[in-house]
Every structure is written in structure tokens, then in C-alpha cells.
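Here come two complexes built around chain A, the first alongside chain B, the second alongside chain C.
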Partner chain A sequence: MHFAFTEQQLEFQSALRSVLENECTPDHLRAAFADPSADAGRWTTLDEMGVVSLTVPEENGGLGLGLVDLVLLLEEAGRAALPEPLVETTAMAAPVLAALAGRHDRCQRALEALVGGGLKMAVSQSADPLVPVAGALGADAVLMTVVRDGIREIHLVPTNGDGPEVARPEPVSTLDPTRLVGRFTSDPTGSATSIATGDEAERLWGDLEQRAFVATGAFLLGLAERMITITVDYAKDRKQFGQPIGSFQAVKHLLAGAQVKLEFARPCVYAAAWMIDQGDPSAARNASTAKAYASEAATEAARVCLQAHGAIGYTWECDLQLYLKRSWALAEAWGSADDHRQLVLDSLVDEFG
Partner chain B sequence: MTEKSMDLHFTADQEAFRLEARHWLTAHVPPAGSLPSLDTAEGFEAHRAWEQTMFADSWSVVAWPREFGGRDVGLLEWLIFEEEYWRAQAPLRVSQNGIFLLAPTLFEFGTPDQQARFLPPMASGAEIWCQGWSEPDAGSDLAGIRSRARRSDSEGGWLLSGQKTWASRGAFAEWCFGLFRTDPEAERHRGLTYFLIDLATPGVTVRPIPQIDGETGFAEIFFEDVFVPDAHVLGDVGQGWNVAMATAGSERGLSLRSPARYTEAARRLVALYASRAGDAKARRLSGDVAQAWMDAEAYRLNTFFTATRVLNGGSVGPEASANKIHWSETDLAIHRTALALLGPDAERHGGHEGNAWLDGYLFALAGPIYAGTNEIQRNVVAERMLGLPRK
Partner chain C sequence: MNVAVCVKQIPDPAAPPALDPGTKNLVRDGKLILDDSDAYGVEMALQLAEAAGGGEVTLVSMAPNGETSGLRTALAMGAAKAILVSDPALAGCDALGTAKVLAAALKRAEPDLILAATESSDGYTGTTPVQVAELMGLPSVTFAKKVSTEGGTVKVERQTEAGYDEVVSPLPAVVTVTAGVVEPRYPSFKGIMAAKSKPVETLTVADLGLDAASVGSAGARQEITNVAEAEARAAGEIVVDEGEGHLKVIEFLEQLKVI
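This part shows the complex of A and B:
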């Protein structure tokens, strides 16, 4: 039992933090809000650091690392509310592309573009191909699943370039415009886009979902911490009744409650990442625990941080909004806390019931 | 040197230790619920006898050095032992104030003579300890303690006077560790000293207090010029606050509440739910059942995360306060959910069948109060983890 990260993992985390502190500031986020499709150059930076291809096997040019290596980086991405699709590309899609690259040219080419080529991926959460997909507008391709006649299929749908299989999503307007949500107006999946079916597709998609829960959870941890930090700073500074509002016990207890939730969400996310890397048979349950806990932690942080700001927190001008909106979106994405509680319960009843 | 990467498995040796503990417990643990309540005179002695059974085979304090009755195993092995202990539904530990709270403080601050004198009978259950900190006018504001200790040079010790209250197990315990004011002139936190007090000393009066369930789970203790020799001062005179904070860290942090207590209760909650899973009421409570299990699981994981940090030379600071909030709320959530599942049966109590969930709930209700109330812990989290201003 050694439940800790290595020096190297912690150093990678702080290196990414320094980069994002310069390249993903609230001003940058505001620029992204104004023009979400503009390229801020961050994706190239992340690519050059090896972050984007971290989970790609070494023989394909990546770092060949796992989710335990990635979670701290995703937490940093969350702290910065990174607009680029690191969760989708690196945590979710890359292992699927790598698993199929030997058999499908399209996966092989996508993987090559992912390593050093700036490829961005989006992943659909629903088996209904017409349901909006986060990140679809900014992505080069969307990984989708459909179930036809009870058989699961996975598709790689390109969204730019030409060719008959290319499908262009149309914009869906959302509160946080950097989510770049898009929707296909007709089913873009077909034999030209199919990359896996049947048992293999079930397994690959099941694994992808577990990674999605944990990776989104890690991002939410970062968001929660950022919101609490912003609010603690504000509460030390803002005075009412002649004293900092952070000295009022009502304000302290709001923030302490959120901090406790965050403290206990963290090990849930880290342990689930490790279990997934190990192929542990209980990984699914812990991945759901991680997402449920992280969603609750971020939702609670968002609530109390807005409250502790008073009216200024309700403004466009206040940076808090940049992180609130992402938290609200991600708390629901890839299953809400409630959805995951049901998944956890089903698996518990199977085991202990 | 390659650095160790994350690994949540136990070693083969640790798994062997687990099996050894499991076998011993299977052979020795009395049937669940068969001992009378430890807050009755009869139950207290039955629980003491259980401590002696464990001690005889060196299972009562596994993490202590062998010379004091332990097995000299590490923190992780202790956590493994606790997992097995709770899985076996073994009796509550009547000696918990001694072995979990005082002992870590004795190891840190005690002289070799004090360790040799006090640890073995603590481990065997021959001497059971209670904690004498709270007073009628000093609860959350513990530094407001008024009980006094006056110097008696002629006798080579101290004369204690005043009143302590809410001392758990105090009704039947032999010894008490307590904080007394030795320097009334000094600043509130400075003039306190930590004493080890034999409750059979003349001048001590113990008055048991019935708790919410009617049993005398705690007591008030009156002191009238009670003599305590210098040899029974723990740490330096005037340093009682610092010594006490080490005990408080154990109480809120790693040692008092091992996660197994909650993971086991959560497992039983799931079984209760499954036995009623057809009910509409159970279905409505399904989210609460899952959340209670996850709260226990989060506590378990956080404990191993913290234990790793401690084993690597780190310490537990104000996180102990976050910990205390979490375990106390988890305990409540588990039991509240169980009672909700039981519905109209939840009120049944005592008698032939008893109702362990209700007893557990009553006990859980005290969790946010003792070991420093959760409001006080939130102050600590806000001020010392987040850095918000004190005033």
C-alpha cells in the first residue's frame, strides 16, 4: 500500500501549472468566451510538453503512461478551466485509437495526427447520434457510439476535410461557449466510419466511460479548488462591518464545508485512476464513486463561492463565473452524482446484497 | 534509485497478517451483540474480560512494541487488523480512551518509567482510562479550564481540585487523564498541565451521568485536594495544552476512528437495503444508501492516502479536523439511512431483539459533538487550512 504520487508525477504537475498560469489566465478565458474557435496556441504547448499524447503507447510516439500519470495534469487543467479537449482527446479517445490502430488505417492516421499533429477529439456521451456533443465544433473528429439491433458500434467521424464520411456539426449555444457543443443534423455513422463492433466495442466503450468518469472528476477537482482559492482571497480582502467578510463564521463554515468535500473527493479520484490502470474488477464502481464525489464537491464549491461573493459574484466582470459555468456543465456531463449513485448501488447489491 | 509508484495492494506479508488476525478473531470473538452494553457495570466487566482475552494472545494493541504487549507492526497493519476486527463484529473497545488516545501521547511525551508503568495494564484491560478535559464551563472553549492543581513540595506532587464532566467510561474506569490549571497567572493556554490520575485516590468522587439511552456512558468527576505525584505528570508542567493537542490530533485524525468501522456498517446497510429492495420506500432511499457507502469508501481511501503521507515522514495537521467532520457525518448518514429503511420498526429498542441500528444512531448523534464539535472543526478548517482570518 503506497497511496502517493511519484516526484516525477508531481513535477510534471507543477510544470503544467506554471505553463497554464501564463497561458490560461482569466483574460485568456475571456478571449475564448468571445471567440471560442480562435487558436490560442495552448494546444501546441501541451502537445510539445507531451501532455496530449501522454496515454499513447511509446511505439506510437507517445509517453505510454496511464491514468495515474494523467489525473494530476487534468486537475491542473481544471484549475485553469482549460478550454481545449484534453479530457476527451488524451483520457478518452487516445487509448481507443491506439487499441485499433493496427487494424484501421483511419485510427492509425488519427493517432499520428494526435501525436505532434494537433488533433483534437470530441466524444459523444449518448448512443443517440443526434444528441449534442461537447467539443464537437472545435474537434477534428468525434468518437461516437451507437447501438444497432442490440449490437454496439464505435465510429470515428471526421468533422473537417473532405470525403463522403465527413460530417459537420452545427452549433448549439451553451452558457459556457468554450464547451463548443455541436449537433449532427443527420446520423453521421455508417460503414465508412465504423471502427469496432460487438464485444470489442462493448469493452472499449465501457473502458472509455470509466476513464471519462475519472478524468472529468479530476478536472472538477481542479475547478473546485480554483473557485475556493478565488473566494478565500476575496473573503480576506472584502470588508463589511469594519472587518474582512472571511472573519465571519457563517462565511468560514460555508467554505470549510466545501473544502471538506473536496478533500475527500481527491483520494476517490486518485484511487479510481489506479484501479483502472490495474484493470481492477471493482474499477467501475470506484470510477462512479469518483465522478459522484467530484461532481458534488464542485457543485458545492460553486454554490458557496457564489454566495460568499455577494452581488459581485453574480457579474460578468467577476472571474468566478468562468469557473462556475464549467463546473455546472461538467457536474452533469458523463453522469451526474445521482446517476453514479445508482450505478454504485447496483454494483453493491450485486456484491453484498 | 527508482521511486515507488502508486500501489494500493497490500504486500504478501500484510495479507498473511490479515489472515492470522482473521483466524484468531473467528475462533475467539463472542457472538455479535452477545455482551451486555459496556455502559453497564456488568457489561463493562464483560468487555474488560474480552480485552484480556485479546491481550493474552497479543491482539489488543498490535501496533505497540512487544515489551508493552503489542506485535510491533506498522500503521498499515493496524488498519488491516481494524478491518478484520470490524468485519468480525467484535465487541466495542472499552479501553479505547487509553489505547487510542492516551497511548499515542504517552509514546510521544511519556518518560520510560511512565511507559513501563502505564502501558501494559492499559493493553490488558486491567486499568481502564477515561478522559477528563471538559468542565461545566469549559467545553468548546477548552482553554477555559478552571480545575486547579496546587504544588505540594513537601509531598512531591500536586493537589487537584475542581470538577470534570462528560468523561466517557468515567462511571467505571480506574484512571483518568486530565488537564488542570497549574499557573493561574499565565496566559490561558500556558498555565495547564497534563495529569495521570488514579481515581481510587482519596478526594475523588465520581457521579455517573445517564446518557440519552438511559445508560451511564459518562460521568462527572469531583476533585477535592486529590494528590498526584510528580511521576504522574505527562510532559512538562505548564505544557499541558501542547500535550493535549497531540491527543486531540489522535482523536480527530488517524487513531480513534479507523475506516473499517464505517465500511462495515455501510456494507450492512447495503444488505439491509437489498433485503427490502422491492419496497417503494427502499427505492426512494437508494441514492442515500449509495451515498453512505461512498462516504465510508472515501474515508477509507483518504485514510490510506494520509497513512502513506505519515509513513513517508509527513504529519497530520489541520486535516485532522476535516477528517473528524467527515467520519462523524458519515456515521450519521449510514445510521439515519438505515432507520429510514426500517421505517416504523426504527423506534423499536431494547427488549429481546434490540435494534442495533437505533443504538448505532444514538451513538452517531454524539459524533458531531465530542472530540471538539464540528462547528469548532469548521473553524479550524477555515482558519488553518484555508487561511481565513481569525477575527
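This part shows the complex of A and C:
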């Protein structure tokens, strides 16, 4: 059994890293903070490379690859704090659209737009359609779920164009404006937007959530790594009492501890991705483990990196803040570490209790 | 139109470079990557072949240990095939030896146009492309900031200190391109996957019909006699401004006789 990434997976990672090192620098992120709606052309580049449609089946024009192929790319996206919705579009929504494309014209069209035109997706975390949705403002469509009379429904809600099913979210202000959080002021779901119900909706949404946990976890790993790298450089440079602060054990231990947490979280995320691709029955539990570890690693990295920087780490001028804010948001998104520890416990009790 | 591009595979500039203490040559045993400055030539070649309505882009490279990692990057961008010359006899090659090898390999590709970077990012001699042209008996145009072809000619805007010269040359010709000539594309994932199955012809010195004594360290007319650390920049003088700082600046500028 081959328990390492393939040469091709590593080549894809390195190709994406080169792109993001040029196209998603701290300067680009500052520009996105200042004007989150501006198109920096990054999404088009990622679309042309084949990153956006990576998980779309080959017969629909994608690369037909899985979460194991995607997980390193999401880590790269995290390292760069990519503002565009790669996690939502490629990891979460594309497989749902592909599963339903044969039966729903609207899913088919959305999938075609995703492959050929870089359709941007947002996905609601809550079954309450009025709860704010991250990415909704920048997205072309929002994938939503509601539960009516105990029956789950999945809806594809377009946010631009004309038509009775189109709903435009209102902006919600947040600490990280690149999150483009939006809120629908009235329930946008109805028969015109419905794409799945009942058992099928339960299954599709359950699978989507597992991918969400792992994909968000992978993004958090990248964020944590970037924050630690920035802070290690800073600790070598910043002097106090006549020497670099990185020479003090108290600072070294903080950063080493964060790195250890990151290294322990990484294999959990990779393993969960593999189990999801394999359809392993314990994939759900492992996806929760992955999110719990990744959230904790990123939260710890954010905490110690901010501490090692001192208050300057939170200022606009310091690069660290660009990654801190996303880490805080994503550590809680799709369930916090505590939520996922509870899910793991429940699952173990169910199986072995 | 068939375009050949001379590409060099170099040690990753992000990794700390090492010199062989004996030969004082750059150690290039590990994984090599495509020289960034060659990506412009590859992109230019792809665009020219496309504009001419077809034809192939062939890469020509010389590297130790049959190294193809850098070639795969250029193949992923869209080049059709590669010729790699790899032979232990080539260790210690100087610029002219490299030019002999590349010229012999380029003849096999029978290109209509040969592109190269103005210089490599690890050797910086900047002499190999013109030596290749001379050895092949072809015209050469250097420092191109814009290249187009028409019929049997290539038209080049050649960067000069004051602006640019317009140069027209009959084909085949050797043209060296600057970093500004075109913006290299990012390799797509499909391109990366396809690059694995593209042909890379690996040749030895004997395959090219060259005399081993004329290339490599045996044929080298250049020798690195000494390597020394570049002189560190002297620390500047720090003046604490207690209201009189401007006088110090004036005094300094007067010393330089600029005011």
C-alpha cells in the first residue's frame, strides 16, 4: 500500500504554490481587504489551470480527482489565505452538482459554468436560510439546505442574473472582509431552487459536510504553517535586550509547540481525505477528528504567533493579521474543535458503547 | 513553424548553492528546475508556433544525470518534445563546449527558429547562444523584447540602452529573449499530466558525433582559478539628529562636491 502523496500530487501542489506566490501575496490580500469585490484575476488563473474543476468528473470536463488530490492544494490555498472560494466550490459544491447534473438542468448548467467559466459557489452551514453565509456576496450561487417537516432539502440559489429564483444577499460586516459574508433577508428557498430532497438530500449533504470538515481543516493547516513561518522570521529579526527574541527559550517553546500541533494535525486531515475517497464507513468520524485537530492547531498557532509578535501582530501593517483573522473564522466554521470532539465521542459510543 | 528553445535546468535558486571545492564549479547533482529566465523563451516559442498556424516547439537541454524535472515543467507549458544531452564526459563544460553540444543537438531538431534566454541564472556568461549561432552558421539577434515572424524572416525589437532597434533577419536564426518579451503561462494540471508522456530523447556525446576531448573539462578553455567572497558593503555612518542633522548632510554633500 502506498502511504505517501504521488509525484503528480506533489507537482500539482508545487505548481499551485508558484502561482499563489506570485498572485496571492500579502500585498494582494491587503488590496482584497480594501476592496473585497475587486476581481484580481486569480480565480480565472486557477480555473484555467484546472484547479477549480479538479473534482468534477472527467465526462463533465473536469479532472475527476478526489479529496486526496485536493487536500494539498487546499493547504497551499491556506498558506496564501486565498480569498476565492476554492474550498466551497471545488471541495464542497462540485461533487453535489455532478451527482445531480444528469437529472437537473440547473445543476448541469451550473456544473458547465463551473468547469468552463469558474462559477463561484458559497455553501450555507446552517439549515436556517436567514443565517449569514460566508462567501455569499462574491458567489454566483449558494448551495443551501433546509429541513421542512423533518425532511431535508438541498437548494441551489443563484445570486445574480434574472429570474424568480434569484436572491441577492445583503452584506454583513466582519473582521475579515475577504470572507464576503452575506445574509438573505427572506427565505430564498422554494420549489424553483430545490435540487434534492429526502434520503438523497440527507446522503448528499452528509457527504458534503464531511468534505467541508476536511477541506476547511486542510486550509487551516496552511494558515497555521504560514503564521508560524512569518513569526519564526520575525523572532529571528526582532531584537530585545540586545538579542533576537527567537533566542529566548520562552519564545522558542511557544513556536515549537505550535509546530508540533500542526504536524500532529496534518496526518489526521490526510487520512480523513483518503477515507472519504475510499468510502470508508468511519470517514465521518475521521473527518471530525481532522477538523478538531486542524482547528486546534490553527487556533494555537494564531495565539502564540500573536503573542510572539506582541500587539503589532494585530495591526494593519503587520502581515500576520491577514492570516490570523481567517484562522479565527475557519476554526469555528463547520463546527469548532469542541463540537467535533463531541461528534467523535458520540460516534465511538454508538459503535462501541 | 518549428521552434527550438535552448533551456537550462539549474539548481533551485531558493536552496543554498554549493561549490565543488575541487573544480570550483556549481554543484548540480540534486534535483534541477527550469531556469526562470527560460520560461520566457518557451512561452515566446509557443506563441510564435501558434501564430504561424502550427508547428512544434522542441526543447534542447544539456544536464547531468539524465535530469528531466525542468524539462517537464516546460513540456507542461505546451512544448511537444525535448532533446536532452546527458553524459559524464560533459562535466566541467565551459560555455563554448556547451555551445558545441547544443548546436549538434539543435541540428537534429531542424528548427526554423532557435530561441534562448539572454543568459542563465546560474552561470551568467551570456555567451552560449551567440556561440551556438556561430557554430551553426546562423545569424543571431540578442536582447529581443518583441519577436514576430513573417514568411521566411524574423522581426525583432532589440533592447538597447536608449530604446530599441528594429532588426529583421532571415530564418533560420538564433534569437535571445529578455524577461520582458512575453508573460509565461502557468502550466495547467492537464499540461502537467500530459508532460509525463511527451518524448524526451536522451543523447550522449557519441550520439551527437562529437569528439569527447573537445567538450567537458577535457575541452574547456576556461578554468575557475579562484573563488572569493564578495566584499561586504561597509556599514554607513549613523548620525543622531539633535537639530543639527541637516548641517551634517550638507557637510557630507560638500565633501562629495555635489553641492
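Note that the second predicted complex is superposed on the first by the 352 of 353 C-alpha atoms of A that agree within 3 Å, B and C clash if a C-alpha of one lies under 4 Å from a C-alpha of the other, contacts with A are read in each partner's own complex, and residues count from 1 in each chain.
Please note the rule applied: a contact is a pair of C-beta atoms (placed from the backbone, for glycine too) under 8 Å apart; a residue touches a chain by one contact, two chains touch by 3 or more.
A quick note: this is a predicted structure, and the numbers were derived from the prediction, not measured.
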First (chain B), second (chain C), both or neither touched by A:63: second
Superposition-derived comparison: chain B or chain C, residues of chain A touched: B
First, second, both or neither for A:19, with chain B first and chain C second: second
Partner chain(s) touched by A:201 [first = chain B, second = chain C, both, neither]: neither
First, second, both or neither for A:259, with chain B first and chain C second: first
First, second, both or neither for A:2, with chain B first and chain C second: first
Which of chain B and chain C A:54 touches, first, second, both or neither: second
Partner chain(s) touched by A:11 [first = chain B, second = chain C, both, neither]: second
Which of chain B and chain C A:92 touches, first, second, both or neither: neither
Footprint overlap on chain A, where chain B in one structure and chain C in the other make contact: 8
Residue ranges of chain C touching chain A (in the complex, touch as defined): 76, 186-190, 192-193, 196
Chain A residues within the chain B interface of the complex: 1-8, 68, 228, 232, 235-236, 243-244, 246-247, 249, 251-253, 255-257, 259-260, 263-268, 270-271, 274-275, 286, 289, 292-293, 338, 341-342, 344-345, 348-349, 352-353
Residues of chain B that touch chain A when the two form their complex: 3-11, 14, 76, 267, 270-271, 273-275, 277, 286-287, 289-291, 293-295, 297-299, 301-302, 304-305, 307-309, 312, 319, 322, 325-326, 375, 377-379, 381-383, 385-391
Of chain A, residues touching chain C in the complex: 8, 11-12, 15, 18-19, 45, 48-51, 54, 63
